[in-house]
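What follows is chain A paired twice: with chain B in the first complex and chain C in the second.
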Partner chain A sequence: MAKQPKQSMSRALQRRENINGYLFMLPSLIFFVGFVIIPMFMCIFMSLTDANMRDQALPHFIGIKNFVDLWKDEDFLGALKNTFLIVVVSVPTVCAFSLWVASAIYKLKSPVLSAFRCIFYLPVVTGSVAVTVVWKWMYDNYNGILNTALKGAGLIEKNINFLGTPGIAIWCIIIILFTTSVGQPIVLYVSALGNVDQSLVEAAEVDGANHMQVFWKIKWPQIMPTTLYILVITTINSFQCFALIQLLTSGGSDTDTVMFRIYWTAFKLTEQQGHFGYANAMGVVLAIFIAILSAVQFRLAREK
Partner chain B sequence: MKVEYLAYADGDDKVNTAITAGNQPDLIMEGPERLVANWGAAGYMVDLADMLDDTDKKEINDVSAGVLSACTTADGKVYEYPLVMTAHCMAINLNAFKEAGADQYLDLENHTWTTENFIKAVEALYAKYGQTVGAVYCAGQGGDQGTRALVNNLYGGTYTNADHTAYTWDDANNVKALETLLGMDGIDFDASLAGGDEIAKFYQGALKMAFCWNIAQQLDPNGAGTGAEKTVTGDDIVFMSFPSETGASQLQGGIWGFGIFDKGDAAKVEAAKKFIKYMCDSEHTVDAVKTANYFAVRTTAEGTDLSGIWADNAIMAEYTKLMPYLGDYYQVTKGWAAQRTEWWTMLQEIGQGADISSTIATRMGNANAAAK
Partner chain C sequence: MKINSGRTKAYKVISIVILVILALLFLFPLYWIVTGAFKPAQDIYAQEPVWWPTEWVTKNFDALFKKRTAPLWELAVPFSSYFTADNSPVFFSVGPTVPAAFRWLVNTVFMAVVAMILTCITAAMAGYALAKKRFVGRTIIFSLIVCAMALPKQVILIPLLKEMAALKLINNIWSVIFPTVGWPFGVFLMKQFSESIPGEILEAARVDGSSELRTFTTIVVPIVKPGIGALAIFTFINSWNDYFMQLIMLSSNSNFTIALGIATLQAETSIDMGLLMAGAALASIPIIVVFLVFQKYFTQGITMGAVKG
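Moving on, here comes the complex of A and B:
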C-alpha cells in the first residue's frame, strides 16, 4: 500500500518528462514531417499517377506503369548507369583518400593540423557554383589551364574537349565531386583517430605489433562508426549529384544522372504526358537504391 | 506591384513551378513558344483577341505578317500581345577575316553571304589560325536558334512543316548541311559550349565567328559593357545573316510581348490589359521599345509613328537591313520544349561520330512524338 503513491508519482514525473521531451523535439519534428515525411509519401503516391502540369484536373491512378516504363527508357537507364559509376568510383576513393590523409596529419602539431584541415575543408564551404565555375575554366576547350599545361608539356597536340567528350566528361565530374567530398571525411577521421584509446595502441606495440597491425587490429575497429557514417553520407551525396551536371554539361556528353533526369523530366519536359508522375517514379527508384546500399553498408559494418 | 526578372535559360522552370503551386504571376513578358505553344495551349492564359481590332492588326501586319500568327493559336486565341521583335543572326570578327583574307567572301554592304563563300571563308580562316574558328555549340538548349538557322539555311532545309504540326529535320538539305559542317576543318561540334559560352569565346577572340547573335549582342557584346561592335581586344564585330545558297537566308525571329495568366480574377485581368495597352499601343510604346533595345512590331501606336524611332542610332538603323530576312516563326509547333533537348542531343551525337541519318530519325521521332 505504501508503495502505490510513490509509483503514481513516478509515472506522473515520467509523463511530464516525456511531454517535455516531445515539446523540445516539436520544432524539428514539424520540419521533418513537413519537409521529409509528407513529401516522401506524396512522391510515392504521385509516382503511381499520371500527374502532369498540363492537366489541371486531379491525376489518374495508373498503378506501376511509370516504373515499368522506366526500365524501357534508355535515357533513364543511361542516367542510372552514370549514377552508379559515380557512386562506385567516388565512395571508395573518398573514404580511402580521406583516411590516408587523416592518418598522415592527425599527429601533427595543432597549428599545422588546423592549416591542413582548412585546406581540405575549403572546397566544402566554398559555394558549389563558384567551385564549378573555376573547374569549368580549368577544363575549358579553348584556353583552359589544363589544355595549356598539357600542350606546353608536349603531352598533347590538339586541345582535349574535357566536358564535351563522352567517356571523359563523366570522369571530369567525378574528379570535381572528389575534391568537394573529401573535406568532411578528413576532418571526421582526424577527430576519430585522435580519440583512439592510446593505452590499447601502446599495449599492442609493447606486444610487438607493427604499424600495419596496430592500424588494422586496434585503430580500424575503433573508427568503424566514423567510417560507416562517411560511407553512408558519401553514398547519398554521390547518388544525388546534380549541381555539377546542371552547371557543366546539362546531362550531355553522357553525363546524365538520375537526379538531373528527375529535374529535367519534372520541369523541362512539361509537354510529356504524366511527366510529374514519371519524375516521382525516378525519385522512388533512386531512394530504393540508396536505402539498399545504405543497409548493405550498415550490415557489413556490423559484421566487422 | 512586384516585378521579378527571370533568365531565359531557366525562367520557364520557375514559372512551371509557380503554376504547379498555383501562384503564377498575373502578367508575364515572354515569347510565343512559351505563352502560346506551352502555357496557352495548356489553358493557363487569358485570350487577348478582344484587344486587337482591325487597325491594330493592320499596324502589326504591315511590319511582319508572321508576328500575329505566332501569337495566335490555330483556333484564333491570342495569348501574347506583341511589343518588340528582332532577327537572330550570326557575327564575324572582321579583323580576323581580314588577316586571313576571308573578308572577300562577305557582302558587308548587305550583311549576307552564300554557302559557297562561307565554306571558302572557313577554309581561309583555318589555314591562317589552324584551330576551330566556328563552333556548332550543343551543350544545351541555350541559343539553339543559331544552330537551327545555320543548318536550315546552308542548303535550304526546313525545321518544321508549313502548318507547324511536325518536325522535318530529316529533310535531305539538312542532312547535307550537317555532313558539310561535319567535314569542315575549322568547324567543331562542341558539346562543351551552349549559346552563351559561344558568345563569350567569340568575344574573347578564341572563335572567329558566332552563330548565336542578335542586335542586343551587337550593341553590347557579351554584355561586358566594353563598347558596341567590339571584341574584348577591340576587333570589329560585323553582324551577318546566315549563309545560304542564294545569300537570302531565312532568319529566326524573336518576338516578345505580354500574356496574362488566368487566375479567375476579372478585375486583375482588366488591370493587366490596361497595362498591356499602355506598354504596347500608346504614345508610351516608343519608350518601351527603346528600353527593350529591339524593334517595334507595329508601324504606329495610337497615332505615334514607330517606324523611324531608331533613326538616331546608326547600329540599330543598319541592323534593320536584316529584318526583311525574317523567316517562318515555327517555334509555336507543339512539343517545342521537348524537341529542344532532342535537337542539341542530336547535334552532340552527330558531332561524336554517330550515323547522321539514323540519329536524325531517332531524335526527330522523339520530337514528333512530343508534338502529338
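Moving on, here comes the complex of A and C:
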C-alpha cells in the first residue's frame, strides 16, 4: 500500500516532493543539525582529545586515553556507583507509584482527576531551582521542618544533618528526585488506562475475574507500550540528575553523580580546570550506559 | 458481585484518603515557599518552624530587590559583538536601572516566548513535511530524530558551549534559545499530529492551484492546531526550567534568567531563607500560573508525544 504511490510517481513529481519536503524541513534542520547533531559529534570527537578550556591551540588526538583514565579514576567510579544507585532505586519506584496513583484516579470525575494530576505535576513545573531551595530549608539541621516533624513523632531524638551525612544525603536527593519525576508518568498512565478496551474488561468481569486478574491479564498488557516509554524517560532523567546535586551538596557527602562530575571537571576542578576532553569522555560513557539500558528495557518489554 | 462491591468500596475510600495525604505532601514545598516568602525574620529563624506567618511582610522581597540591580532592558545592535574587541555587544537602548530580579524575569520571559514561537513554527513545518511529503531521505531524518531524543540532552552541553563561543553567542540569551529550538521532540510531536491530515484535502488544494505555503497556512495549520498548542506550552515550561543549560551559557548578572539568579543568590547567602523563598516564589509562581491556565493542552502534549514513543 505504502509503496504504490511512490512507484507511480513520475520523476518530475518526485523532484517536486523532494524540493518542497526539504524546504519545509529546512528551518528545523538548521537548528537540529546545528545545535544537536554537530555538538553530538563534537562530543565524541573531543572525548578522544586533550581539549581544555585554557588552550586556544588545537587539541591533540590521544585515542582512548581518557576512557582508560576513567576506569582508574576513583572519583568517577564513585560517581558512577551513586548514579546507578539513583537509577536503580528511582526508576522502579517512580513507575510503580505512578501506576498506582493513575489507577486510583483515572476513573474519578474530570475536575477531581485534573486536580490530582496537576498537584502531582506541580513539582516539575515549579522548576528544579525553586524546588531545591525549599527542600534545602526543609532538610536544614538547625530549623528544618523535617527534623521538627520527626522529633515530634518521636522517631529521632537529636536533629539529623540530612545533607551533611554521607549515606543519608543521597537518599534525601532521591526523595526530591522522586517528587519531580512522577508527574509525567502519572499523566501518561491516566491516559493509557483510559484507553484500555472496556469491552474486554467487562467480558472478564462477567466471567468472574477479580480486580487483580483484570488488571494483570487485561489492562497490564495493553498499557505495556506506555510502561516502556515511562521506563525509558525515567531512566534518562535519573541518569541526568544534576541541579539537585549542584545546589544541595555540590557533590559532597558522597552524593557525586556522573552528570555533576562532568560539570565539575569541565568548569570547577582546580588542578586540571576545564578539562573538556575528559569531561566529554564521561558524557560518552553516560550516553552508552543509557543506550544499553534503554535497549535492555525494550528487549524485556517485547519478550513479555 | 454484592460481597465484592463492599470490599471494593472500602478499598476505594482508603485509596482516596492516601491520595489526599500524598497530594498534601506534594503541595507542601510550594506552600512552604509562598508562606516563607512572606514570613518575618523571627518566624524564619525560629527553632520551632512556624506553620503560618505570624505577620505577612514584604521585607524578604525588599531584601531580594535591593541585593542586585540591572538595567531593565539592553537592546544590542544585531551581530555587533562580532566587531568589538572584547566581543561585547553594542547597545543602542538601555533601560532604567531596576532590581535585578525584574531583569531576570524579563530575560526569562523573552527566552521562553521566543523559544516557544520558533519551536512551534519550525516543528509544525518539519512535522508536516515528515508526515505528508514523500521526499528522499525522510526515513533517515526521522530515525535520526528518534535516536537523538533518546540521548541525554545535557551531555552535549560542553561542545555546545564551545560552539557558542565560536559563534560569539556566549553569555547571550540566544545561546539558550537556539539549542531549545533544535531539540527534536517538537518535530516528533508535530509529525504525530500531522499524520491525521487527510491526503485528499491536500490533493484538492493542489489541484485548485494553491501554493505550498498557502496550503500549509490555510489547511495544515488549522488541523494541527491542538498539537501546536500542546507544543507551545510544553516548550515554554521546559525552557523556563532548563537550569543546567542556563548555568553553562549565561555568566553575567544582567543576562541571568530568574532560575539562575536565584541559584546564584543561594550560593551567596545560603542562610537568608526568607530572601531565598521570595526568590523561589518569584521564579515559580509565574510558570505555575501559566501551567494551570493551559494545563489541558499540556496534558495532551505529553500524551501525544508518547503514542509511538
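Keep this in mind: the second predicted complex is superposed on the first by the 274 of 304 C-alpha atoms of A that agree within 3 Å, B and C clash if a C-alpha of one lies under 4 Å from a C-alpha of the other, contacts with A are read in each partner's own complex, and residues count from 1 in each chain.
In this section, a residue touches a chain if its C-beta (ideal position, glycine included) is under 8 Å from a C-beta of that chain, and two chains touch if they have at least 3 such contacts.
The structure presented is a predicted model; accordingly, all values stated were derived computationally and were not measured.
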{"item": "Touching partner for A:Thr249 - first (chain B), second (chain C), both, neither", "value": "first"}
{"item": "Touched partner set for A:Asn20, first chain B, second chain C, both or neither", "value": "second"}
{"item": "Partner chain(s) touched by A:Val88 [first = chain B, second = chain C, both, neither]", "value": "neither"}
{"item": "Partner chain(s) touched by A:Ala203 [first = chain B, second = chain C, both, neither]", "value": "neither"}
{"item": "Partner chain in contact with A:Asn143 - chain B first, chain C second, else both or neither", "value": "both"}
{"item": "Partner chain(s) touched by A:Ser114 [first = chain B, second = chain C, both, neither]", "value": "second"}
{"item": "Greater residue coverage of chain A in the superposed arrangement, chain B or chain C", "value": "C"}
{"item": "Chain B versus chain C as contact partner of A:Thr165, first or second or both or neither", "value": "first"}
{"item": "Which superposed partner A:Leu77 touches (first chain B, second chain C, both, neither)", "value": "neither"}
{"item": "Footprint overlap on chain A, comparing chain B with chain C", "value": "140, 142-143, 267, 276"}
{"item": "Residues of chain A touching chain B in the complex", "value": "53-54, 56, 139-143, 161-166, 169, 249-250, 252-253, 264, 267-272, 276"}
{"item": "Complex contact set, residues of chain C against chain A", "value": "4, 8, 15-16, 18-19, 22-23, 26-27, 29-30, 32-33, 36, 45-49, 118, 121-123, 125-126, 128-130, 133-136, 138, 141, 144-145, 148, 150-156, 158-160, 162-163, 178-179, 181-184, 187, 212, 216, 237, 240-241, 243-244, 247-248, 259-260, 262-263, 266, 270, 273, 276-277, 279-281, 283-284, 287-288, 291-292, 295, 299, 302-303, 306, 309"}
{"item": "Residue numbers on chain A that touch chain C, as the complex places them", "value": "5-6, 9, 14, 17-18, 20-25, 27-29, 31-40, 42-43, 46, 101, 104-105, 114, 116-131, 133-138, 140, 142-145, 148, 179, 184, 187-188, 191, 210-211, 225-226, 228-229, 232-233, 236, 239-240, 242-243, 246-247, 259, 262-263, 266-267, 276, 279-280, 283-284, 286-287, 290-291, 294"}
{"item": "Complex contact set, residues of chain B against chain A", "value": "12-13, 16-17, 19-20, 38, 41-43, 132, 138-141, 190-194, 201, 204, 206-207, 334-338, 341, 344-345, 348, 352, 370"}
